[in-house]
Amino acid sequence: MQKILLKSLEKNEQVLKHMFTDCDDVVFRKIEVGDIFKVKMTFIFIDGLVSKEYIAEHAIYSLFIEEEIKSFSLNGFKTSLIDIISKETLSTVDIKEEYRIENIVDAILSGDTVILIENIDKGLVFDTKGWPARGVSEPQTETVIRGPRDGFTESVKVNMTLVRRRIKDVNLKIKMKKVGRRSKTSVAIMYIDDIVDKSLVQEVNERLNSIDIDAVLDSSILENLIEDNYLSAFPQIENTERPDSVAAALYEGRIAIIVDNSPFVLIVPATIGTLLQSSEDYYTRWQEAQAVRLLRLLAVGLSLLSPALYISIISYHPGLLPTKLTYYLGASRINVPFPAVVETFLMEVTIELIRESGTRISGPIGTTVGIVGGLIIGQAAVEAGIVSPILIIIVAITTISSFAIPSYEMAAGLRVWRFILIFLAAIFGLYGVILGVIILGTHLIKLNSFGVPYTSPYSGLGVGSGELKDTLIKAPIQQLKERPGFTNPRNKIRMRRSWKDARK
Amino acid sequence: MQENDKLSTKQIRALVVSTIVGIGILSLPNRVSLIQGNDGWISIILAGLLILPIIAVINKIFELYPNKNFYQIGNQVLGKWVFYIFLLVWLSYQISLISYLSRNLGELLKAFLLETTPTEVLIISFILTTSYMSRSEIQIIGRAAYHIYPIIVGFVILLILVSLTSVDFTNILPLFQSNMKNLPKSIATTFFSYIGYEILLFSIPFSEGKEKISNACMVGVGIVILIYIIVFLLTLSQYGIQSLQRQSFPTLSLIKEIDLPGFFIENLDGLVMAVWVLVIFSTMAPIYYSAGKTLSYLFRTKEHRLFILPLMPIIYKLSLYPQNMIELDELLGKFINYSGLVVVVLMPITIFCVGYFKTRRDKT
Amino acid sequence: MKKIISIFIILTLILVTTGCWDMVEINQRLFPYSIGVDLNEGEGARYVITISYPNINAIGKNATQKDRVYIVSTIASSVFEGIRQLYTRLPYELYFKHLRVVVLGKNLIEDEKTIREIMDGMNRDFIINKKVRLVVAEDKAKDLLLFVPESKRQEVIDGTIFTMLRESKDTSRYTPKTITDFISDTDISNVTIVPRAIPNEDDIKFFGGAVFKDYSFIGNIGEIDNRGILLMKGKVKKALIDAHFEDVSISYQITASKLKREIIKDGNLKIKLKIETEGTLEEYIQKEKVEANNLKKLEEMEKAIEKAIKDEVDNILEILQKKYKADAIGIGEHISKFHPKLWKEVSKDWDQIFSEADIEIEVDAKIRRRGLMQ
């Protein structure tokens, strides 16, 4: 198996043609340049991956009009042919010399063009990537009322650019890697050098290097491969479609991982605090953000505990409520055939079905299905007397709360635990709920994300400087002078003064 | 990487509070008022103050031998065999304490929440849940304590707020009328509501900020004293001294007294039971952990989590052995009192004294 | 891995099918809100136990039945035994957490032992809410409870009796008493007073109180007496006093009252009670000349009111001291708290000492507001 190029153009072409057998979109364009002594060259590229105008205008055309090659035979060459072509002729933006067949094949598959030249055992590679891509548009999963509306696309280069525009610091480092044996997906690791904790960078690099898998189709696959505990229902790596979130994370001393073909960028490390934050908190006024943050905590609690508490009160401990409420609950459940557990389970499954079907069908039909399904099924069920109206309210509250959580995966994790708690409540009542909460709490406390405990900033580690100020409550930006400590940043101060300080 | 293998001072404080505030809080007012009457709060304060020097002693032990953990120090100071004896006493103390806690919780749950569920199931489920936490390291337990600590404090504040509607503070009077000769006995009874701080023996080596740890421990004990006093005063104000002596669980009955139908605050005892389970959990998990650690030292293994699950049948059997609550107090309670005296008072003091003289001798 | 999962699944199935020991649906429980206890005058066991509970079907929007309350009654040897017996007659389990009222029949309270037994039972139980109110029925408790469904002031959820007892903020003709209060009062001063109730045409009337000393019933007091006692305890919230002034009767509404106690001991025990009230002049009489804007007139009215109050209070005090020898006004409690040394001397024979003590009442009534008219 030929590994490097030979001098003979024929043989090189044959090798490559053999490798690309049955790949009908690989184009071999032969040209001959020169009047008297013709230099044979072959352009190899994949139609569809390249921008054909670029090749035509800057490579082929520039070769055709090159005087020196035309007059090749008349004088000797001052410099070698390949140097003439690469340094003086081709008007491409970048040029590389390659002699390994493997790299040449990789280059062709990535959208570069390779020029093979007769009698020269090196090939010239230049970047001609140009494929149909989605333009930069508003991210669909994280919309804000105020704030930038550009979102990541599927191209690594575009995504890197969107972040770089927000960090014009020479300390912003970008390292490219390729992950995946066959997919050879480009992965870019971004961090700010003088803020980030070096051992974190090292950890990320190690984990990425140790992956050996056929294909990485989306950043979520990468996420699953490098996270600390894949058995947990909770995400240990944050992902976002918004460049401003990424930039903010980098400023905090975290690391971003951009995966080609995925508009979701991974941010490492992640904690409960960061997963419950949304970039909108920083763009609206702090009082509202404060209230919203507390509301989110309430939402987490409700989405986790409501059905379980309902079951434990109805089936086990009617003594826990004020008397009036107890009687009304009892009255609302007359003639309901099922015990509370079965009822809850049925309704939860129904809601999940509705939600799932709403996701499958996008656009206007999707939302309608959701509303119609929910309303009608709920109403009909109550009318038929199969479920009690209180339960419908509870289930609706649960679902709405779970949508109030910024991170979708987090809500999903909570959903799993909601079912576990329902099960425990069915057996042990309130005691089961408490046990479940204890087990869940223990699990979260034990969880680590790249060495950072999952429950910092609530865990009181170190000196609690910026911790709670930015998670439980939302202090105005004038007070957030230091970076949060959980990432162990080397450079702690991020704001030196506001205008009032300047006046003092 | 982050120094997350060290406990911070806040976590030490939280660990002290949440480990000590355990069983005592439910029945302490009753027990101390039986002996000392209205002046029970005096014994509560005095007993707490007695603890402080012992904690200072514990801190000093670790100052004498920095960078060593408790087992290494004990071994070095006392010699292998004496230390082994101490450890065996300690182990039996821990196991009895865990069994006592589980049984107590099981009985309460059965009475208030789940009448028909068999006690065995309640106890097993609780031990299993606690073992999940005890299998981890002290840092994680410290973090958990840090989360439970505000719940405990918040609960006490809630108690204060809601009982303000119906308490009569004149019930605390008359002061200083009781028989002061009973003080030693009442202090002894109260003292054993403060045990649990021996967890410091396991956590101080792993914490950062050496100078401030001592402070954090003292503050923690101070907070516990405050909590106990508040609970005592509230229950006394609510019931008056005679009724207080009648009740087995005054704190719980205090919650039952709160009834403001206009404000929809009724029947809070479900909430109390929930907090209660958390409180017992936060007391039991560190002790279970330390039992595992002790066993792992005795058998020279690296990980203590091997021993956590095998301990479970022993604890289960032991917790079911007493026939009822009274026997529970008689058998296990007394044993815990006496062995506790050895473990939490004698052992640290002995180690400190011997260690102190040894280092003095080594220096000269 | 597979083994763990299969163990887990088996465990789950076992727990779910044979477990769930305590699961009883809320609509399969009954929540009685009152219990009545009588002595059984016929043959058989000692007590007649009556419970009343609301009909859940009558609550809420889809009220399907008209009967709002059900009453069941049985004969048993103790309160809890009676409850067990009722289980055999009722479709669902009884759950006593929301119990509100315990009615004691007249013939029951005369026996000290039964009162002690019942109180102990109520207090010891885990589930019963300690804020249960006690009521003494003039005749039979069962009759009182049976009377309730006919009553107009019906509230399904709480029951008539409790609703009335709860709204008693504005009246001082009876004082609601909970189980805990009963026991702690008896612990502190041996005396407690429980309101009496009697069916009255199509309504229930609460008035006055039954006096219990050492857990046994020693007599009744009327409504005015109850007010007097409350005045001496300083716990009157609102009361209306009628006084005579220059041949006219004035109505004086007390809006606040305070009490000062002073203990003097030289030889015999002497206690001074100073009652301060302030209130509104509610009713005078329409005269041709405007009179109520004269300060002197006002003072004279106050004096008349003070005399009226003092007469009331002296009256009940005499009854308490001489007839019942019971300290229902909290003087013993006060001494035990504020003068502990004195209490050590007198506590043994307190009832006797109380009945012989020289208690002086001083009333200071102030008219703060006189309404819209002059």
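Which chain is which? They are A, B and C, in the order written, and residues in each are numbered from 1.
Rule of thumb we're sticking to: a residue touches a chain if its C-beta (ideal position, glycine included) is under 8 Å from a C-beta of that chain, and two chains touch if they have at least 3 such contacts.
These numbers come from a predicted model, not from an experiment.
With every chain reduced to the mean of its CA atoms, the largest distance from chain C is reached by A. The chain pair with more C-beta contacts between its two chains, of A-B and B-C, is A-B. Nearest to the overall CA centre, using the mean of each chain's CA atoms, is chain B. Inter-chain spacing, taken between the CA centroids of chain A and chain C, is 67 Å.
The mean-CA centres of chain A and chain B are about 46 angstrom from one another, to the nearest whole unit. Annotation: 41 Å between the Cα-based centres of chain B and chain C.
Within chain A, the positions touching two or more other chains are listed as 316, 319, 323-324, 429.
Residue positions 19, 22, 97 of chain C each touch two or more of the other chains.
Shown for chain B are the residues that touch two or more other chains, namely 114, 117, 261, 267. Chain contact summary for the complex, chain A toward chain B: residues 197, 199-200, 203, 316-317, 319-325, 428-431, 433-435, 438-439, 441-442, 445-446, 451-453, 455-456, 458-464, 486-488. For chain A in complex with chain C, the touching residues are 313-316, 318-319, 323-324, 326-334, 336, 339-341, 423, 426-427, 429.
Those residues of chain C lying in contact with chain B across their complex are 19, 21-22, 97, 123, 126, 129-131, 166, 180, 183-184, 187-188, 336-338, 340, 343.
On the chain B side of its complex with chain A, the touching residues are 1-4, 8, 10-11, 14, 109, 113-114, 117, 122, 125-126, 129, 132-133, 136, 140, 143-144, 146-147, 261, 264-267, 269-271, 273-274, 277-278, 281. For chain C in complex with chain A, the residues that touch the partner chain are 12, 15-16, 19-20, 22-27, 29, 31, 33, 54, 56-57, 59-60, 62, 64, 95, 97-98, 100, 127, 156-158.
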